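Presented below are the structures under discussion, each in the form of structure tokens.
Shared between the two complexes below is chain A, which pairs with chain B and chain C, respectively.
And now, the complex of A and B:
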């Protein structure tokens, strides 16, 4: 019932859109009928364009996420274990974090040229900060008694990290990486639209400029689906793996 | 922690930043990287100073900030009004809100080619994209804030016989203030990002266009100067909104 109610408006809009365009007989370079969009979507899916381009985008996004998020994971653990380091780095973090990743696009083009390397490095820059911030708050929030126990057991630093810190913070890191995944996709697509001749964003830009509104709308739809599936899958995994332990969505 | 210790820690962390900048200078001077690709902080600073002295950077910064603020204000007003309407009506929550959730995961930059197909490479296009892009965080936060008002407060409003408008003004919106402001802060970040990309794509006057031009011409010092200004805009706008949040929400801390 809830699903039905949710579907009424979108379906109604699509029908009105289709009928209005058919009745008025508009031939437009910027607007296509939903039926045409569906056809273009099917065509692009069948000839492999969409899947190939999506693979390019995901490859860049996930590589960047692995590099940016991974290094943020390590840095946040270091900051968590050595509070003095966190305090000393604070000013640098506060100054660097608000630099919009897109402002660095020209820097990346200049130093790395077009291609995967520049896109990956921009995604890495953008995903580094959320994982660092969430990770730091995750470590600050570790139950202090757990750390006391590790001290009593005389665990080495490595033992403390692998046996206490990581297990205790895993749910929060998962949340951090889930949000960073969304960021990585957004940045990858944005970089492709703005500059990089690669991936789904570039295909979208080409469709817009070569006056193929049907393909253009199909691709926007597809980008939404990719983001939705990615986030949905991670949310599901989060609920399955951690349950209420990961219900710690911080204020963004 | 007492005040002196805190000041010392802050001084220390500023000193670390200064060391990082010194490291950047050393890499630029002796690291074997061609100055075409990496200017030292001294050259970036010189480009920054001469840019503002000559008025070019001042004018470009003004153009970008103006675009960002206009789009963001438009988006915020529309987002709050539409969000409040959707959030307070059960009908709209059931029928309209799910559609918003469907659109939410689409990266806002993906709207840019679509708007471009309609409006071309114009400054109107950039403004429209900024408004469309930064409306989402405000709209969704408002829907959330407005629909999660303590039911007892609404009952109080009913027993005071407030009409719908007055309930909204006196009870619902003040309760949603924190959510709305948080959404507006994210919206401003989005607005800056979209302003920069829009300027890059349309060659409209502004910092986004400037940094791309500088990169194409291998003027790395100008490029870094532009990036620094954009970073400062991001930093200042974020801090300003944090202060506004603190000021507006001061009644909540009691």
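And now, the complex of A and C:
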């Protein structure tokens, strides 16, 4: 029922779009009818283009996320445990963080050339910051008494991190990674559109330049679906992992 | 130093000067286990403790009472190695306290923040065993014993959120005992519990420490609780925290929630402490 309601508006828009184009008889190089888009989508899906390009984009995005988010996880824990290190790095973080990843595309092309390496490194750069900032605030917000408990029990530094700090901050880190996942997809597709001959973004650019509005729109729609599925999967995982009673499984 | 020595009516209860506790018969021996030597402390510019001198004997149960801001929790944290004094020193068994020690365990007031919410009761007790390097194979047995000791045998797999406040404090007691301490530091451990649960836990803690002859330093707001539990009650003045008087509690043991609290000696001591605290606030 909920799904049905949610579909009313998009379906209605598609019908209006289709009918309007058929009635007016527009012949266009920049627009396509929903039916044409559906056919183009089906074709691209059938010949494997979409899946191959999607795999390329996801490979770059998720590798970059793993590198960027993973290192931010470690750095934020180090900053949390050694406040002096955090203070020392604060200026550098504040200067580097606002640099848009897109602005580094020329730098990456020059130093790494085209291909996965440059795309991955740009995604890593872009995803590093949200995870670092969220992670630092998560660690600062750990219940101080839990840290007292770990001191009184004389847990080792490793024990303190794995048994208290990480389980206590995991839900917040998870939110940070959800945010960073969205960023990774945006940056990956942007880099592909702007420069890199890879993935959905490149296919999208090619469709546009070769005057294939049907495929172009199909791909735009597809990117939306990919982002939606990715976020949905993470939300589901979050609910599974951090449900009221299920917070435990993580600590074990 | 502080107040002059005064003697009370009756032989059961006497007020002692804080610096020279007389050796007595009973649980405590004269050998000092914990000692404050001229300890002062400041938070920022605010003095919280001023020239504290106090010795606590082995197997003694010492309660510290006083209004907020008298630094009683700070004193406890110093013994626990969580806080270094700005001046003076705190010693344990003759050695300066520089950090937490296996022999000293600390029980926190706020149980909801002292237990790991993502671990079960058993898991929380296990944390102390893990920290002490107890091999995994021996932990299950030890946890079972400890939870049984505090009356939580059937709740091993429950999470803190599924337990009542009293039960959560029992988990904390079990975790403290898992450390096999010779000193138990308790920071208003029963302050947030209802009266019935509090009394049950008071008796529980007396029973447990009597068997193990553990030394206890117990911080509380509740004067009656202090008299009921303690061998001595240390009364502090606030701003900055100073020891005002030390009250000797010579009530017979084991104590009983009804008869002890109804005994003339208990009531006299209660009156003296109440008067004393009121004077301090005036």
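Here is the rule we go by: the second predicted complex is superposed on the first by the 238 of 252 C-alpha atoms of A that agree within 3 Å, B and C clash if a C-alpha of one lies under 4 Å from a C-alpha of the other, contacts with A are read in each partner's own complex, and residues count from 1 in each chain.
Here, a contact is a pair of C-beta atoms (placed from the backbone, for glycine too) under 8 Å apart; a residue touches a chain by one contact, two chains touch by 3 or more.
Everything quoted here is computed from the prediction, not taken from an experiment.
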Classify the contacts of A:190 with the two partner chains as first (chain B alone), second (chain C alone), both, or neither. first
Looking at A:167 after the superposition, I want to know if it touches chain B, chain C, both of them or none. Which is it: first, second, both, neither? second
Using the superposition on chain A described above, determine whether A:145 touches chain B (first), chain C (second), both, or neither. second
Taking the superposition on A as described, I'd like to know which of chain B and chain C A:4 touches: first, second, both or neither. neither
Touching partner for A:23 - first (chain B), second (chain C), both, neither: neither
Between chain C and chain B, which one touches more residues of chain A when both complexes sit on the common chain A? B
Would you sort A:158 into first (chain B), second (chain C), both or neither based on which partner it touches? neither
Show me the chain A residues, by the header's touch rule, that chain B contacts in one structure and chain C contacts in the other. 251
Quick one: in the complex, what on chain A touches chain C? 143, 145-146, 148-149, 151-156, 159, 163-164, 167-168, 244-245, 247-248, 250-251
If we count contacts the way the header does, which residues on chain A are in touch with chain B in the complex? 2, 5-10, 29-31, 87-92, 94-96, 98-107, 109-111, 182, 185-186, 189-190, 193-195, 201, 204-205, 207-209, 211, 213, 216-217, 219-220, 223-224, 227-228, 231, 251-252
Spell out the part of chain C that touches chain A in their complex, as residue ranges. 80-82, 99-102, 105-106, 108, 110, 113-114, 116-120, 123, 127-128, 130-132, 159, 161, 175, 179
Spell out the residues on chain B that touch chain A in their complex, using ranges where they run on. 9-10, 12-14, 16-17, 20, 37-38, 94-96, 98-99, 102-103, 105-114, 116-118, 182, 186, 189, 192-193, 196-197, 200-201, 207-208, 211-212, 214-216, 218, 220, 223-224, 226-227, 230-231, 234-235, 238
